[in-house]
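Chain lettering (A, B, C, D and E) follows the sequence in which the chains are written, and residue indices restart at 1 in each chain.
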Amino acid sequence: MAKIDLDTVTKRFGSGGDAVVAVDDVSLEIEDGEFVVFVGPSGSGKSTLLRIVAGLERQTEGDVVIGDTIVNELGPRARDIAMVFQNYALYPNMTVEENMAFGLKMSTDLSDDEIETRVRETAEKMGIGRLLDNTPGEMSGGQQQRVALGRAIVRNPDVFLMDEPLSNLDAKLRTEMRTEINRLQNELDVTTLYVTHDQTEAMTMGDRLVVLNYGELQQVGTPLECFYRPKNRFVAGFLGSPSMNFFEGQTEGGTLRLDGFDFDLTREMQSAAGSRNELVLGIRPEDAKIHDTPRSSHELEAEVDVVEPMGSISYVYLRATEQEGDRTFIVETDGQRAITEGQSVYVEIPDDDVHLFDDEDGETIHQRKLGEDAEVELEGQT
Amino acid sequence: MSTPTQTTSQGPSGLARLRELWNAYLPYWFITPMVLVMLLITIFPGAYDLYLSLVKYQLTDPTTIGQFNGLANYERVFTSGGAINSFVITITFVAGALALETGIGFVLAALVTGVKSDRMKTFYRIAFIIPMAVAPVSLATIGRIMLNTEIGIIPFLIQQFTPFVAPNFLSDVPLLTVILVDTWNWTPFMFIIFYAGMSSVPKTLLEASKVDGAPLWRRYVHVIIPYMKPVLFVAILIRLIDLFRTFGLVFSLTSGGPGTATELVSINIFQTGFTFVDLGGAAAIAIVYLVGIVALCNILIIKVGFEGVWD
Amino acid sequence: TRGGDSSSGDGSGDGTSGDSGGDSGSDSGGESSDGGSDELAIPLSEYQSADIDWRQFEGSEINIGAVQHAWVDAIKPAVPVFEELTGIDVVWNVLPEQEFRTKRLTDVSTGAGEWDVFFLDQVVNQFRESGWLQALDPYFEDDSMYDEEWYDLDDLFEATRWQAHGGGYSDTWTGIPITVEVQTQFYRTDLYDEYDLEVAETLEEFQSNAQTIHENESDVVGTVGRGQQGYGMNIYILNTFIRQYGAELWDSYPDNSGLDSEGAISAAEWYVNLLQDYGPEGASSQVWSDVLSTMQSGNAGHIVSDANLFWPGLTDPESSDVADRIAVAKAPAPADGQFSPNAFAWQIATSQNADNSEEAFLFMLWASSEPTNTWMHVENGAGFSVRQSTWENEEYRSRVGDNFADVTLESLQAAAPDPFDSQYPEWGQTYSEELQTAIGGDQTAEEAMTRAASAAEDIVGE
Amino acid sequence: MAAVDDAQQPDSRLSKTNRERLVSAGRHAALLVWSFVVLFPLYWIVSMSLKPPTAAISLPPDWIFLPTVYNYIQLLQQSSFVYAFFNSVFMVSASVILVLLIGVPAAYVLSRYDIPKQRDVLVWILSSRMLPPVAVIIPFFVIFRALNLYDTRIGMIFMYITINISLVVWVMKAFFDGIPETLEEAARVDGATRFQAFRKVILPAAKPGIFSVAIISFIFAWIELLFSLVLTNNNAVTVTMQVYQFIGVRQIEWGMLAAATTATIIPVVIFVIAVNRYLAAGLSFGVVIKE
Amino acid sequence: MAKIDLDTVTKRFGSGGDAVVAVDDVSLEIEDGEFVVFVGPSGSGKSTLLRIVAGLERQTEGDVVIGDTIVNELGPRARDIAMVFQNYALYPNMTVEENMAFGLKMSTDLSDDEIETRVRETAEKMGIGRLLDNTPGEMSGGQQQRVALGRAIVRNPDVFLMDEPLSNLDAKLRTEMRTEINRLQNELDVTTLYVTHDQTEAMTMGDRLVVLNYGELQQVGTPLECFYRPKNRFVAGFLGSPSMNFFEGQTEGGTLRLDGFDFDLTREMQSAAGSRNELVLGIRPEDAKIHDTPRSSHELEAEVDVVEPMGSISYVYLRATEQEGDRTFIVETDGQRAITEGQSVYVEIPDDDVHLFDDEDGETIHQRKLGEDAEVELEGQT
């Protein structure tokens, strides 16, 4: 009933030479009841895409299909959606209660009592029950955001569009809200499009992840797929925090010569690389390991630049001792491990955890290995 | 019960269909009544004046009424001193009054906006609106007596309580007097609109500009005024147009005198049409004047930095 | 409909407060419905003696467009008499002068004919020549509408009849005169006593009286007089002096306006100097109401020459601070000139397009007839009778005072009205503007008159 | 918003309370000066209406006098004045409601939709108030008679609409332009039709503008003279005409004129007081919408 | 020169019974050049505090001292601060360039050229160089936020106030911006007050962390101090994501009886607990360990409720097998470890990692142990 099809949708702002292509030829099928998370750098067209689905923006090209109808011509009202705006867009002259009740009044025949009950319930869930009589101007940023969220979920639409609905909430509240949204989505089986910048949300909330860059689809898949099997360097680098470390280099026989160290390619890697000469090696900070003394061949010597203690873990910024450039890479270590800046360490780069990318087009040519279970799970998903 | 009209409605129910129609064509419904009213009030009078301006229509010469006169009426506008003179006077009057009303109106709006006490605020707001409610002819009639050099209260007060010598308002400085009286009468117009406009400047913007270190006047210049620009522009434009057609107040105050010192275009039109009963001539002045104002408005809208406001 | 009756219809007895009493400016014939039950102001028999078929238009209605003039207030209480007499309903439309002119022109020029009867003034020839006016002669000739004997035309002042013939430009009746005012001089008796002054008959005497007061009193100016432009304003006063100086306007129409003749220039010089030297500050912008108010408030020693109609306002203690210290005299004239003050008469007329011209004529006749006129003056505070007999009426004379009555009567008998040709509004306007500039001191009187003359000749000659 | 309330000089030695007091005193001083300028003539008019006629124009003025309501009683006894007064109240109020009903939606459309030749349309709208009434009064008179609108209330109401429509459209367009479109988008996503979004969200946000133009339109119609002069006779008479009846040909009744003028100000004052609180319903969109 | 003292600052909104106490008796000294991060739940008064320091809001009680002057009386302009507003507060009718230049024009005498240069440089750093001519309405949320940030940092104020300046940015950009802000702050030595909801920012950016709740100061200290040595249960639970797990229980001799399992208190813990009966045990998800088979005494049996795979790690939601209530707790495990829902596991709760809190007032009565190095480091900081 609320399947959403985007068919070669393009959106340009402005025209002629100045045009900004906010969404570039995106095709995507979203199943009824599916929860899809959109991620991408700032300005990559996520909001625009949501607005196109909502009917607030008219795509320059392509079709939007909701259910079985092409809705290009239909206004937002006809599409039966609820949306959380990135900028909240609360009605300034209404109280919280009125803000939340507005959609129900407009789109349903519920009695005033029913509306009030539903609004109150939702407000309680959002933790803004005691603010119902406030106007938006009298609330903190997070409270406003929760009103915006509450205003959307109090309704019972076919489609949820949520544009960074939790960005101004603290971690704890965010976890609660995340759970609440997931629960609700499961319960009501509402097709949901969700934009977020939060890695946790991206990885945990959605059935599928859509990665955008410069308005173009980069990868569509389950979160784990995107994380472990990134289609290209962009996706690999974008997901995970801190980002994957990339090292550019040239193959020389079975060896990849990188700035500061050499990396011996496994047979598998070599065959994947084929005739490519310029390769990029990728390794996630949590996969590389730091040793005080050399242990295996796949190690490089590096000097500790900065240590960022995070509590249980620390991020260590390292600079390869022999490198020519001035770049650092990051490795995650245990938070209680004593590492001081300037210290010399050895970094192990396990074969299994390495990704290889084509230097030119960024395509992934070799994916990392996973544990057997994980591998199975991943397969199962796709 | 089947009536022929029902066959046409295919929709779910008549009412729902009506609703649909209402919403589907909302902009048209919204704008049509206005357009109809506008057509009614512009087409006929405009055409009528245009026609009059092109024919002889000197009422005291009934035999020639309606004869095509070419551009002779217009020619007279540009050759007779009276009309040209009145254009010049009108422009002076408009410029002076507009500057005063805009300036005072803005300052008042800004000052009142900053008043903390609600009661004082209400008081000022109401007090500053009232002068507009005094009908111009009443104002002029009573104003004449108040300004009278011998028996008027205003010269009396000036003599008694200030070091200045009161001028003979209506005979020595008639244009200034007329401008001042108009300012008294119409500053409220600017005040109301500016005040409402200022009320809608978002608080956050002001806060941001304070934090950015902008002193008061620059906050006005760079933040408040630009934000209010559409409203400011509209108020000024409308007042400008209204000033250009001011009639009753000035006519009752000075009848256009002394001499022709305050003979505005509207007075000139009035005298040509209603006193000299030369309707053709009056219409020609009106048309020339209309063309001038339309051009002025267009120039203002396009050129004077207001580009973009109305896109 | 609404009840249109005003409770204080008959005013409080004299001319001024009469104004405040009974203006139901636009009352739609309210009086007619109530009139029957009330006592009529004037017995119907006064009219029924005439050989006129009063009731021939029974059941119709006439619309009267009037200026806010004391005449309206004076006659209104008597209107039920007319309604009873004729069965014609009267609807009033009373407006201030300026507004009245605008509306009259709109109504008449577009052929709307809303007004069956309307006031007419200096623009009579403008209206006549444009063919809007209906000549009244056919009605005068209709036996069922006019009874010469009863009406007694000759009782009307010559000057008013003349004005009702297009100010001398028409052979036919353009309207029927209803009010007449003549210019007189007003002065302050207390100041005259104090400085031992004699009432001035000549301009020179007047000037010296004004000078005495002007120079000896700090808060009182020697004289006031109209300075404001407008064809009924400053030139209305000046024309008196021009004529008295022996000059004639338009001695040969349309070639010579006479405005730059020696006499005209002397008159202008005299008037301009008078106002500049002994007049109030800002005299050039004063209108009749300033003149009146200044006098009423005791800030002036004289009104050099203005409508005798000021008299009630000046002598009413309600509105005048100097009510008991004012006297009236004939306007001054040059020592070697002839006494000829300006007289102005309002007439009421009907237009070509009016629907009810016959009814209108009956109304005019009724309104200006001797019984009505006398009643208005004797009973209802009026003071502008066009009928000589009124001024001789003892009852009336005792009400307004012999002095005022005599001055007015004598003035009226010697009076001459202005010649209002059809272009009078236009050249009069220019002429008055020039005069105002001269009074304001921006040009000499001679310059003003010369320029006025050439402008006037241009306009008329076109 | 409070735009004018903080330090001018960074190193001001004055304590806030003192400086605040100073700023506020300066502000009130300026405002009181203008209040005097505004109120003195009004006071004078009112006092004229409460004085006996002679005192009305005497100098030096009687600052202290025994007020008399004689003039007002006279005024109230004039059925024609009372009739015209309420007639005007009715016609003007009706016209304000109608002109808002016609003009506000049109302004909204002009603000939100792409209208071909928008500038020309706007100037055209404005052109309806460009000519002095004296230049259009005759054609209007002709139309009114042809359409049987002469001297009818409907006709006058229509006339009042015509004198205010351009004002309403222009000013309201400017106000609508200042209201963020996001609000409307939110409403429409919430299931509101365009009309509902307009009525429930945009209109409330535009309140200061609406009530300001309402006041101004009211006043414009209320004091209108020339059209009511020419287009009415005795049914649809307006109060302005009644005020001027005290300006006679040879006598001005100052007291009555002042009383009538005062009386005509009263409805405006009442109206302004009634809508006063909406005039500055300053909405701070910025708090709610990240801009 | 730009030391900031808050002296018993209180802010109430409204008055009488309805008053909201947004900031409650906060006293805090911030050194010149210090970088202080404010954290706390939504509505805890962070923004209000910043606005008080900025002079945009007048505290109801108490004094604000900047440098050596009591600035209660001074407006924002006199305080020489730059602020990033939570809601951006960009000037809608100025372009990006004008927005950024505005503060410089207002508060400095720089020439137009200099201003332009500085604006351009900053814009490049913010990655919005090509948007300089756009107006705020034509930009994405993240772009707007970067303009807001750029507008503040392009100036050279005594004090930076930043209210969640990175909330709408993606992880990568956020890392970059974080680094940039830190670099700038170090370079210019600007006293900085920074509000954030992001754990990483909170832990890594500031010299000190200030934790607020309901307008009250909870703890002020270095990030690690607050993380490892939380003053109370609130701080312990607020920092770290996912939150610390808490188990309420009663002491019985040396044993803490919790719902679902017993925990033997060490000697040290016992003496810390003293006579208290009701205790709360806290353990962070990353400290508890999951085993398939029982290993030590400090273990409980639990059933896997949900697994949230996050890429390198997974969060496992567990329910103690023997518990009566329905609560779950979270344990972090390796992302590639195969754990399925419903599976039975053993959870080890290491003695060293356990915190104990008073159940009533939430005060910490026993802090966890740290590795020696970490311990030293922590001591060194305080």
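Definition applied: contacts are C-beta pairs under 8 Å (C-beta built on N, C-alpha and C of every residue); 3 or more make two chains touch, one makes a residue touch a chain.
Keep in mind the model is a prediction, meaning the values are calculated, not measured.
Student: Can you give me the shortest step count from chain B to chain D, moving only between touching chains?
Tutor: The least step count works out to 1.
Student: Could you tell me which two chains share the largest number of C-beta contact pairs?
Tutor: Ranked by contacting C-beta pairs, first place goes to B-D.
Student: If I average the C-alpha coordinates per chain and also across every protein chain shown, which chain's average lies closest to the global one?
Tutor: Minimum centroid-to-centroid distance belongs to D.
Student: Just how far, in Å, is the C-alpha centre of chain E from the one of chain D?
Tutor: The separation of the two C-alpha centroids amounts to 54 Å.
Student: Take the average of all CA coordinates in chain B, do the same for chain C, and state the distance between these two points in whole angstrom.
Tutor: 37
Student: Hey, how far is the Cα centre of chain C from the one of chain D, in Å?
Tutor: Distance between chain centres, rounded to whole Å: 39 Å.
Student: Using mean CA coordinates as chain centres, what's the gap between chain A and chain C in Å?
Tutor: Chain A and chain C have C-alpha centres separated by 93 Å.
Student: Which chain D residues reach two or more other chains?
Tutor: Answer for chain D, listing residues that touch two or more other chains: 5-6, 57-59, 134, 138, 142, 193-194, 225-226, 244, 247, 252, 254, 281, 283-287, 289-291.
Student: Going through chain E residue by residue, note those that touch at least 2 other chains and give them in order.
Tutor: If we look for residues of chain E contacting two or more partner chains, we find 55, 75-77, 80, 87, 89-90, 92, 141.
Student: Two or more other chains in contact with one residue: find those residues in chain C.
Tutor: Touching at least two other chains: 102, 109, 289, 293, 297, 299.
Student: Going by the contact rule at the top, pick out the chain E residues touching chain B in the complex.
Tutor: Chain E residues touching chain B: 51, 54-56, 75-77, 80-83, 85, 87, 89-94, 102-103, 105-107, 151, 155, 161.
Student: Under the stated contact criterion, what part of chain B meets chain E in this complex?
Tutor: It comes out as residues 202, 204-205, 207-215, 218, 222-223, 226-227, 229.
Student: For the complex, give me every residue of chain B touching chain D.
Tutor: 19, 22-23, 26-27, 29-31, 33-35, 37-38, 40-42, 44-45, 48-49, 104, 107-108, 110-116, 120-122, 124-138, 141-143, 145-146, 151-153, 156, 160, 184, 189, 192-193, 195-206, 210, 215-216, 219-220, 224, 227, 230-231, 233-235, 237-238, 241-242, 244-248, 265-266, 269-270, 273-274, 279, 282-283, 285-286, 289-290, 293-294, 297-298, 301-302, 309-311
Student: Which residues of chain D touch chain A in their complex?
Tutor: The touching residues are 180, 182-183, 185-194, 196, 200-201, 204-205, 207, 281, 283-285, 287-291.
Student: Within their complex, state which residues of chain A touch chain E.
Tutor: Residues in contact with chain E: 13, 39-43, 46-48, 86-87, 127, 138-143, 145-146, 163-164, 167-175, 197-200, 203-204, 223-224, 227-228, 237-243, 284, 286-287, 308-313, 335-338, 370-374, 377.
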